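Quick one: this structure, given as structure tokens, is what I'll be asking you about.
We just call them A, B and C in the order they show up, numbering each chain from 1.
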Amino acid sequence: MSEKILTVDRLTMRFGGIVAVNELSFAAERRQITALIGPNGAGKTTVFNCITGFYKPTSGAIRLVHDDGAVFALERLGDFRISKQAKVARTFQNIRLFPGMTALENLMVAQHNALMRASGLTFLGLIGAPSWREAERRAIDLATVWLKRVGLLDRADEAAGNLPYGDQRRLEIARAMCTEPALLCLDEPAAGLNARESGALSDLLLAIRSDCGTSVLLIEHDMSVVMEISDHVVVMDYGVKIAEGTPQHVRDDPKVIAAYLGADEEEAIAVMESGS
Amino acid sequence: MDYFAQQLINGLVLGSIYGLIAIGYTMVYGIVGMINFAHGDIFMIGGFIALISFLVLVSFGLTAVPLILLIVLLVAMAITALYGWTVERIAYRPLRHSFRLAPMLSAIGMSFILTNFSQVAQGARVKPVPPIITGGYTLHEGASGFNVQLSNIQIIVVATTVVLLALFTWLVSRTRLGRDMRACEQDQTMAALLGVDVDRTISFTFVIGAALAAVAGMMYLLYYGLVDFFMGFVAGIKAFTAAVLGGIGSLPGAMLGGLLIGLIETFWSAYFSVEYKDVAAFSILIVVLIFLPTGLLGRPEVEKV
Amino acid sequence: MSAPSSAPLPAPSHSQNTSGIATSGIAFILKKAVISAFVALVLFSLMIGVRTEAGPEGHLIYWTRFGELAAIVAIVFGGSIIIELLRQWIGPSGAGRLVPPWLQDAADLIGRWLAPALLVFAILIPVIFYDQRYILDLSILVLTYVMLGWGLNVVVGLAGLLDLGYVAFYAVGAYSYALLATNFGLSFWICLPLAGILAAFWGVLLGFPVLRLRGDYLAIVTLAFGEIIRLVLINWQDLTGGPNGITGIPRPTFFGIPLSNDDDGLAAKLGIEFSPTHRVVFLFYLILALALLTNWVTIRLRRLPIGRAWEALREDEVACRALGINITTTKLTAFATGAMFGGFAGAFFATRQGFISPESFTFHESALVLAIVVLGGMGSQLGVVLAAIAMIGGFELFRGLDQYRMLVFGFAMVLLMIWRPRGLVGHRAPTVFLEKNQAISSDLVKEGHG
């Protein structure tokens, strides 16, 4: 069994004449947290969209290997199958919950495929078969477990669109976890959170790694979060990888500092300060 | 070949009428993002007003046909434009920031109102008019006795369409009003912040759309020699189909779509069956949209993830 | 108005106050009324002031009606003053929307008991109004639209897919039953499921090309589809009888026993006196049962993964894909389910009328059913019932107005939309809950892009 859960090999994504990602290669270790960082416009979200099937890469390969050795070529596996078969879950930079449904309903939708099987493609469910009722109860239990873990149990019956911003971020992570993923991809989960909230987020992500055995791939601008929880950091700029290694290693890399300084002074300072 | 050429002429004329109506749909869609279901009925009203003003002018003893036509055109455009303005004011403006289906339903209601209004006001029977413009040219005398004809009325329809399109393109691309319209299309809030009077601009859009529909109504009257209260529905659906086929929101697309629908209908009637001409037009719309989900000239929708 | 110099007023409230003064004076109201009257004068000058008609020799003649024109303009002038006064009396539109909590509670209470009360009332209608054929017929009509509304609600209200051609499935169901019954002599009870299946099949057929379409592209394609079906029904004369339609469609039987005056009719078998009302009552309970079946299935489906996926699709299609939900099958099942209910309703329509023609399946029907769904409050089952009663019942109330009926109907549609753009029932009930079942305001609920 490979220790690498995800291998990205010379991934290239072009939009018309613009090369958003150019021959990018990196790997994510199993049961580790890998962070993808870089200045704005470096192509991080594009990489995410390629991994999760929202974009078809121009060229390159993306391999995902499950614990049981099953291999998936994500660049060929389109759309919903990446979540359904390859078990890759994701969150979005600008939260995409189902705002008119309750927090609990959001987590039930996430278990769609498992529940669909249990409901005998709806027919068993329609007649209210006991096996379906049992499956539904288990699904509610799983949702309850995750609501508890993200601290939203008491808001389970509220509309997701009514929750405060920080709660929505955590609910989106809980929803992704309810698909029982092998790889969890988080697109800027700490964006817009205050210091206390992003601290709680770090704890949640560490717990997900240690308790669930889920590998995590994350894009993040909040360097305190990245430095605190990442096992491995990949730095991108202008669509190419400029550095990779442990948080310590990356932080001291002059190329990384230059990239951040060149792009955005504040971020560069944040990188340097978070280490000291 | 002669037969083909004749159908080509007929199709282009019909397409010009559809195109004029389609522009109204596409403009309104572009600026407020709603289907103005009442637009077909605005076209019908335009036809009626042209008919009535024509009758009145003739009974006043006016005999100079070009003068009559010019006055009828202006009167029809002016009054129909006011219909467009009123419809927007009553049925759409209160629902400007409401959710998408409410203005659509209100538009359908408005369409019922206009249809029924003209039925009540002018009676349900078809109104025929004697041919106003006669004569034409024989372009080609076929060997088998089939002549390719180009009638004066066809020339007038196409010429009016071209002139109005030129005027309209100038309006949208060169004037302050056109710039305001394009700004509102992009971002209404931002346009308002920059001093564009959004309400007024939207009103103008409806006014211009209605005026063009009035021209189409008058052309229809001249070309087919009749109007009835129900003609707005079918013509409206066809023109809307044309707008979507061309890519809704795109002005050249609306004209292109109109011409295509006109040609498809004419050729299908000529070579296959008259009964199924509308089925053909609708089917081609569906087939085009399968391959080009945003129409021929529509901007592809970029999915932001 | 003098602002204290020490504490400058914030600009917005200042301008609001001044505009408040400007919009309340008598002069303002009169000015507005004069403008309205002038607009009306121009609008109606030719359309009402001049009446055209084809004369005896085929030439158009016209005569003037300046009296009517003056009356209309006067009505607009007066109406404008009244509306403006009412507007000032009610206050700014924003304030009117705030519902006091006690009213909300009362509405909740009524809402809880309304559905069961309506159901009991519906069951008792044939008992109470046994002698009033008109009311029975009207009730059957309302129930037919309730059923159609519930069917379309699956597509529009739950899955958020705008369907302007729903009448096509109604037509498919009606013609399926009519053709199967008249050509092969199949009974209603065999044809009913077949009509549903055929309609569902057509639903899938429509679903495939529109999978990638969004919003108004979807709207026009469904509309075109409805028109195609209608035009084919008109023109395929060998099969459908063309514009003349199909006559002599068998009436429904009480599970094989005809409801007729014969010796083997139901009345004779039960030993009671025959009455044509029996059939009407039977039809009433038939459509009530069909509608309740639709409702029951829809409520169940909402609590199943497929129903949740429909609603999730309406909320956010991209998120659905990220959660591994197959968008294609989800959309197709929504189309098929909605179409199937439409097909059932169509079969019922055919057996009730005994005669069908393409005239019954115009765009107006689609618009009416869509109006019922939207006015009811998207996705609300109870809302559909209330809206169907309001629309169909209201339409019947104005029967006396005869030719002005559609005019009134159109105005009602516009005013209702302006009054309640979110529909009569303005909230969504969750499908599952842990602690307490609290309704979600429909301001949060998305309406779908499809």
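Assume a contact is a pair of C-beta atoms (placed from the backbone, for glycine too) under 8 Å apart; a residue touches a chain by one contact, two chains touch by 3 or more.
Fair warning: this is a prediction, and the values are worked out from it, not measured in the lab.
Novice: Could you tell me which chain's Cα centre is nearest to the average position of every protein Cα atom shown?
Specialist: If we average C-alpha coordinates per chain, C lands closest to the whole-structure average.
Novice: Looking only at C-beta pair counts, which chain-chain interface has the most contacts?
Specialist: Most contacting pair of chains: B-C.
Novice: Return the chain whose centre of C-alpha atoms lies at maximal distance from the corresponding centre of chain A.
Specialist: Checked the centroid distances; the maximum from chain A is B.
Novice: Suppose each chain is reduced to the average of its Cα coordinates; what separation in Å results between chain A and chain B?
Specialist: About 50 Å separates the centre of chain A from that of chain B.
Novice: Just give me the whole-number Å value for how far the CA centre of chain B lies from that of chain C.
Specialist: 28
Novice: Taking each chain's centre as its mean C-alpha position, how far apart are chain A and chain C in Å?
Specialist: Chain centres of chain A and chain C, defined by C-alpha means, are spaced 43 Å apart.
Novice: Can you tell me which residues of chain B touch two or more of the remaining chains?
Specialist: Within chain B, residues 303, 305 contact more than one other chain.
Novice: Enumerate the residues of chain C that touch no fewer than two other chains.
Specialist: 318
Novice: Among the residues of chain A, which are close enough to touch at least two other chains?
Specialist: 54, 92, in rising order.
Novice: Residue numbers of chain C touching chain A in their complex, please.
Specialist: So the residues of chain C touching chain A come out as 297, 300-301, 303-306, 308-309, 311-312, 314-316, 318-327, 428, 430-438, 440-442, 444-446.
Novice: Across the complex, what residues on chain A touch chain C?
Specialist: Within the complex, chain A contacts chain C at residues 52-54, 79-84, 89-90, 92, 96-102, 104-105, 108-113, 115-116, 119, 122, 125-126, 128, 140, 144, 147, 153-154, 156-159, 161-162, 175-176, 179.
Novice: Going by the contact rule set out above, which residues of chain B touch chain C in the complex?
Specialist: 29, 35, 45, 48-49, 51-53, 55-56, 59, 75, 79, 82-83, 86, 90-91, 94-95, 98-106, 108-123, 125-130, 233, 237, 240-241, 244, 248, 273, 275-276, 278-279, 282-283, 285-287, 289-290, 293-295, 301, 303, 305
Novice: Please name which positions on chain C make contact with chain B in the complex.
Specialist: 39, 42-48, 50-54, 58-60, 62, 156, 162, 209-210, 212-217, 219-221, 223-225, 227-228, 231-232, 234-235, 318, 363, 367, 370-371, 374-375, 378, 403-407, 409-414, 417-418, 421-422, 447
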